[in-house]
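There are two complexes below, and they share chain A, which is joined by chain B in the first and by chain C in the second.
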Partner chain A sequence: MSDATSFEQQQRASARVLLVPLCLFMAALLGFPTLINLWYSFSDVSFQNLVGSFVGLDNYVAALSNPKMWQALGFSLKFAVLCTVIEVAAALVLVFILHPLLVKRPWMTAILMLPMMVSPALMGVMYRLILNEFTGPIPVYLEMMGYGVNFLGRGNIYKTIVAIEVLQWTPFAFLILLTARQTISYELEEAAAVDGATGFRSSFHILLPLMIPALVIVLFVRFIDSFRVFDHIYVLTGGGPGNLTTSISIYIYKLFFVQHTLGEAVAVSILLLLMSLALIASAMRLVVRRS
Partner chain B sequence: MLRSNFKTATAALLATLLSGTAALADITILAWPGEPSESAFRKVLDLYNTTEGAKNNSKASVIYFSQQGFKEKMLADVAAGSKEFDVMLTATYDVGLYAPFMTPIDDIITEDVYKVVSKNSIETQKYEGKTYGIPTDLSLHFLYYRNDLIDQLNSDPAWKAKYEEISEKILGKKLSPKPADQWNWDDFIASALFFTKSINPDSPTRYGTVLQMKNLLYNIMLWQGTVASNGGDWRDKDGNITIDSPAYKRGLEIYKIITDNEATPGDSSTYEYGEANSVFGAGQVAFMLQWNAAVPEFNDATKYPAVAGKLGLSHEPAGSEGPKTHFHSLGLGINKNSDKQDEAKKFLSWLGSSDALTLYAKEGGSPPLAEGPLAVIAADRPEMALMGEHAAKYGFVMNGGTSAKALGIYTNQAENFTGYWTGEIEEDEAIANVTADMKKAFAP
Partner chain C sequence: MIVTRRSRLDGVVHAGRWIVFVAVAILVNFPVLSTILTSFKTNADINAYPPKWIFEPTLEHYRAVLASPNIDYGHYILNSVIIATTGTLFAILLTLPAAYAMARHKIGTGWLLPVITNLRALPLIIFAIPFYFMYKQVGLLDTRLGLALISCIINIPVALVLFVGFVQDVPRELDDAARIDGASMWKTLWHVVLPLSRPVMLAVFLLSFIYSWNEFLFGLILTTKSAVPVTVGATFFVTSRGIEWGPTSAAITLGILPPLILGLFAYPYIGKSMLAGAVKG
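Here is the complex of A and B:
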């Protein structure tokens, strides 16, 4: 056995030993709740009986055969796709426009980050006041200018909740993409300029391809985050009117805390976890391949 | 000598320790947040801590969750065996749900308590024959109206003529204005249309009324007087679900007509208690249905100058069965998991006293007082007599409204009925969904 092979084996053994604390930590923090939740999803657990008894696939059948689940899932998917596309597109445009300015005045980045520092539930309360037809400054000023808009009315409520999500989380996408933009070496840009690629061509053909790994990550993170939206919608509309704005998270919350069908609520959560894992796997494969 | 001194010292020490253990421990109360009852309850606790509590060497403190999700948090806590609070909230509409996590308190409901608290309100804290709470707040609904506007409507010939014209045009029948305490639901709708600027450009208010249509169970409680006043109920005496009935359809229609004619603000589908108060308080609507808790606010000229001094109160409009109002009581009971059962019981015994509840009423709370203490605070809180009268004359609790499933049923109704009012789903679908959900909930 060569020295190199022996060294490699030693390295691997050390790596395994070093991973043990992390694995134990993950097992305690994630493993136990996952196992408990798996049991809940196969049982008739209730608030009165937190152990429950085995009911097989009943909860999964009930979850999958409930049209409200599909409606909420559809809402979340549509909401997530729409918000992610708008946020990432806006962030990308802002990065290309503001990058030269932020290089000279980096403190301005902190100001742009302010919206995402606010708790989403508080954001909901804030907009409930700001957009109120009578007491909200925005509708009042718009009306003074002759544009009466009812932001929280049935016709506009969907657009309003999308706009709130976009306003709050575009800074996050902006921050990730700005960091990716700042890692691109200036020499590369100079070389592209010497070859005649400036402005849009430089951004589109040189800078953008180099930012794709960051772009994929930000698309993925924002999609997952928007998909599980809860706070500001719950505060603003309670998921209504009807089920118009019921996201899958609100749906699970209601199943659990209002209908008290704990097993079904956990079964829906497990199904969502599986879907998310599939998404993570494909996103990570894409990122690794690009890298 | 030394031995004798030692014995004396030991005995003294033991006596001190024993007297120390005889003192009661401090207790924590989880109460319903929101003004004016929150400030009033803090004053009640101050009184306890300086009188009865000090005597027992037990101090009571209060904690609050936010209103949004309050019940869910409390349920999760008690189901997990939490001892973070010893005294917890009870409510008529979910006493059945929380009963397994609470200690019955029938042994402290003495004749003295009945002299302070009205008997029917104690009944609303019972589940399967056992009492779980001392009622601290009575909740029911009033018709709040601007008496300056309704008086003018009944006296100004031009307004009367316009009212008749609008009612004939939109409702298909010529109605004449009436005083608010004689309204039926048609008068309610017609008045809402009359006081809406887009229908009547001369209206002094922008909208006639403000409906609370957020997808929230409490909004269904507020609405269901329309149903009960027309003879509707959740179930008949045999337990059959009776949602698919003319009474429910009429109740749904009342809100639907007002919504479709934009006689309520366009964003009413996101409104609850607070929003409705701000709209009425700003003088933007002429009347509304609202919980009794708002009365002290509207009499406060510093808070709502547009309304203070012009506030009229009446029962809800009448249906075929006369006027009705949903009513329930909030109260305080004992967390079964608490290690301080005796202390909690002592506190609740004191809470059911005249000293505690009359102070609470004077400070803005709405306790369901019996006749004696009610007379004492009548000058400070005139509307409380009205509350007692309305609860007795018009109060109803839906058949099944105290069951363990009641909260879920209200929530399901909120989902479906708000969906109907805003045009998301058809009436038949909404009724069918609610009926199916209730059949499932009440299935043996």
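Here is the complex of A and C:
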């Protein structure tokens, strides 16, 4: 064995040590809680009895047979699909309209990025103020124009929370797609122009295929993020009226912190974990196959 | 003839782009704009009909918020600053060495890196219940350290992705030379890699600080009084005695200003961290 390879092996061995703190931290703060969750989901745990005893699948049966769980799951799926489609479509159109303006003026991009720097919870509170039926500026102006709209009332609340999510996170989709658009080389655009491909439609046809990887990422990230929505809905409606706006995250929160049905809450958490892992795994397989 | 028609069309298209930009900028920023303006209005101006856009500014609501006898908002702001800063530092300390090992020696790139980068896709509520009981057992409920650990977990994926990308760009000859001279791995990290990492460190710090500052769910679940962050504290102004418009707007303004200002510098890195993570994950 040559000196060079033994030096390399020695280096690799000591490099392993650099991973130890991170691995220990993740094991303690994510691995351990997951194990607790697993045990709790098979036990009759309660606030009085934190260890609990084994009860088999009772919690899962309770979780799966509760129609409110399916309602919350349905809400989250529908909300996520709706928001993701609107955000990505709007962002894509805006990238093609605004790219020529923004390419020399980064401060303008910064202005459009401000909403996603705001805490979603505080965004919810702000909308609660400006959409207030009596004093909020938007209902007041609509009133002056002759439209009385109660944005936070039962009939409109679903559209309102979708609109808030879309207005806050379209900038994110826009940023990722703009970053992808700006990495498409200038030569390619020139070549396309020389070939006679001028105008909005032609540039769409040539540039869009090159942006597909970024599009896949944005769709995935936005879907996941909207699916687990909690903050702005909790602040605006607390999941109500009734269960109308209860997302799966709010549902788990309510099971645990409001109704104190621990076992069922933990069982839903585990089911949500399994669903998320399946989604991530299939998304990763898609990415690997593409590359 | 054709030239002038062409340039006139270009002018119209250009103006159209500007109109779209201004409309979108106002639409998405309207709540922030409206809240900041309201926070500087007197109560009379807040209740004016139609809403006033030009008025004489006042600081009375800021004084009221920071001197409120029921809600110690200054303390909440301090909590958020400490939680976000400590959480960010923890995340950097844990991920920079690991990123070095991954990028240089290809250790852990097979499964550890993809697993950690994909953690950011998990719904955090899954961990809410075990964290509540764990923290209750060890006395971390309602402590800044408890929330700093959470913000560290949230930011590890982003920090790791950015650091791995950075180490890959450092010329290998630099640290090879140091190590053949007998420097240990930690010393190489400290004397060679760390001084070069200033730009990426800034990116990690900005993103991590913003994400930590804006965290709400765990602040809501794990704090009651002494470690309450601003995102949770600001909601107290709404729920306690109806809505007090001026003080609530002032509290929100104080709660959104730090990430808004940092965001002006941080936004390009968000695009980069997303695309980099996807390419390597």
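Details
Methods note: the second predicted complex is superposed on the first by the 259 of 291 C-alpha atoms of A that agree within 3 Å, B and C clash if a C-alpha of one lies under 4 Å from a C-alpha of the other, contacts with A are read in each partner's own complex, and residues count from 1 in each chain.
We take it that a contact is a pair of C-beta atoms (placed from the backbone, for glycine too) under 8 Å apart; a residue touches a chain by one contact, two chains touch by 3 or more.
Everything quoted here is computed from the prediction, not taken from an experiment.
With both structures placed on the common chain, the touch criterion links A:A173 to neither chain B nor chain C. When the two complexes are overlaid on their common chain A, residue A:A72 makes contact with neither chain B nor chain C.
In the superposition on chain A, no contact is made by A:A80 with either chain B or chain C. Once the two complexes are laid over each other on the shared chain, residue contacts for A:L18 go to chain C alone; chain B is not touched. Here chain B and chain C are compared by how many residues of chain A each touches, and C touches more. In the superposition on chain A, A:M211 makes contact with neither chain B nor chain C. In the superposed pair of complexes, A:I224 makes contact with chain C only, with no contact to chain B. By the touch criterion defined above, A:L152 lies against chain B but remains apart from chain C after alignment on the C-alpha atoms of chain A.
By the touch criterion stated above, A:K254 is placed in contact with chain B alone, chain C being left untouched.
By the touch criterion defined above, A:I161 lies against neither chain B nor chain C after alignment on the C-alpha atoms of chain A. Residue overlap on chain A between the chain B contacts of one complex and the chain C contacts of the other covers 50, 128, 132, 135, 234-235, 253, 257.
Across the complex, chain A is touched by residues 16-18, 20-21, 24-25, 27-32, 34-35, 38, 46-47, 49-51, 93-95, 97-98, 100-102, 104-105, 107-108, 112, 114, 116, 118-119, 121-134, 149, 152-153, 156, 160, 179, 184-185, 189, 210, 213-217, 220-221, 231-232, 234-235, 238, 243, 245, 248-249, 252, 255-256, 259-260, 262-264, 266-268, 270-272, 274-275, 278, 281 of chain C. By the touch rule above, chain A contacts chain B in their complex via residues 47-48, 50, 128, 131-135, 150-154, 157, 234-244, 246, 253-254, 257-260. The part of chain B that touches chain A in the complex is made up of residues 68-69, 71-72, 75-76, 79-80, 100, 213-216, 265-267, 269-270, 275, 278-279, 282, 284, 407-408, 411-412, 414-416, 418-425. Remark: chain A residues 11-12, 14-19, 21-23, 25-26, 29-30, 32-34, 36-37, 40, 50, 94, 97-98, 100-101, 106, 108-123, 125-130, 132, 135, 137, 140-141, 144, 167-168, 170-172, 175-176, 178-180, 213-214, 217, 220-221, 224, 227-228, 230-231, 234-235, 248-249, 252-253, 256-257, 262, 265-266, 269-270, 272-273, 276, 279-280, 284, 287 touch chain C in the complex.
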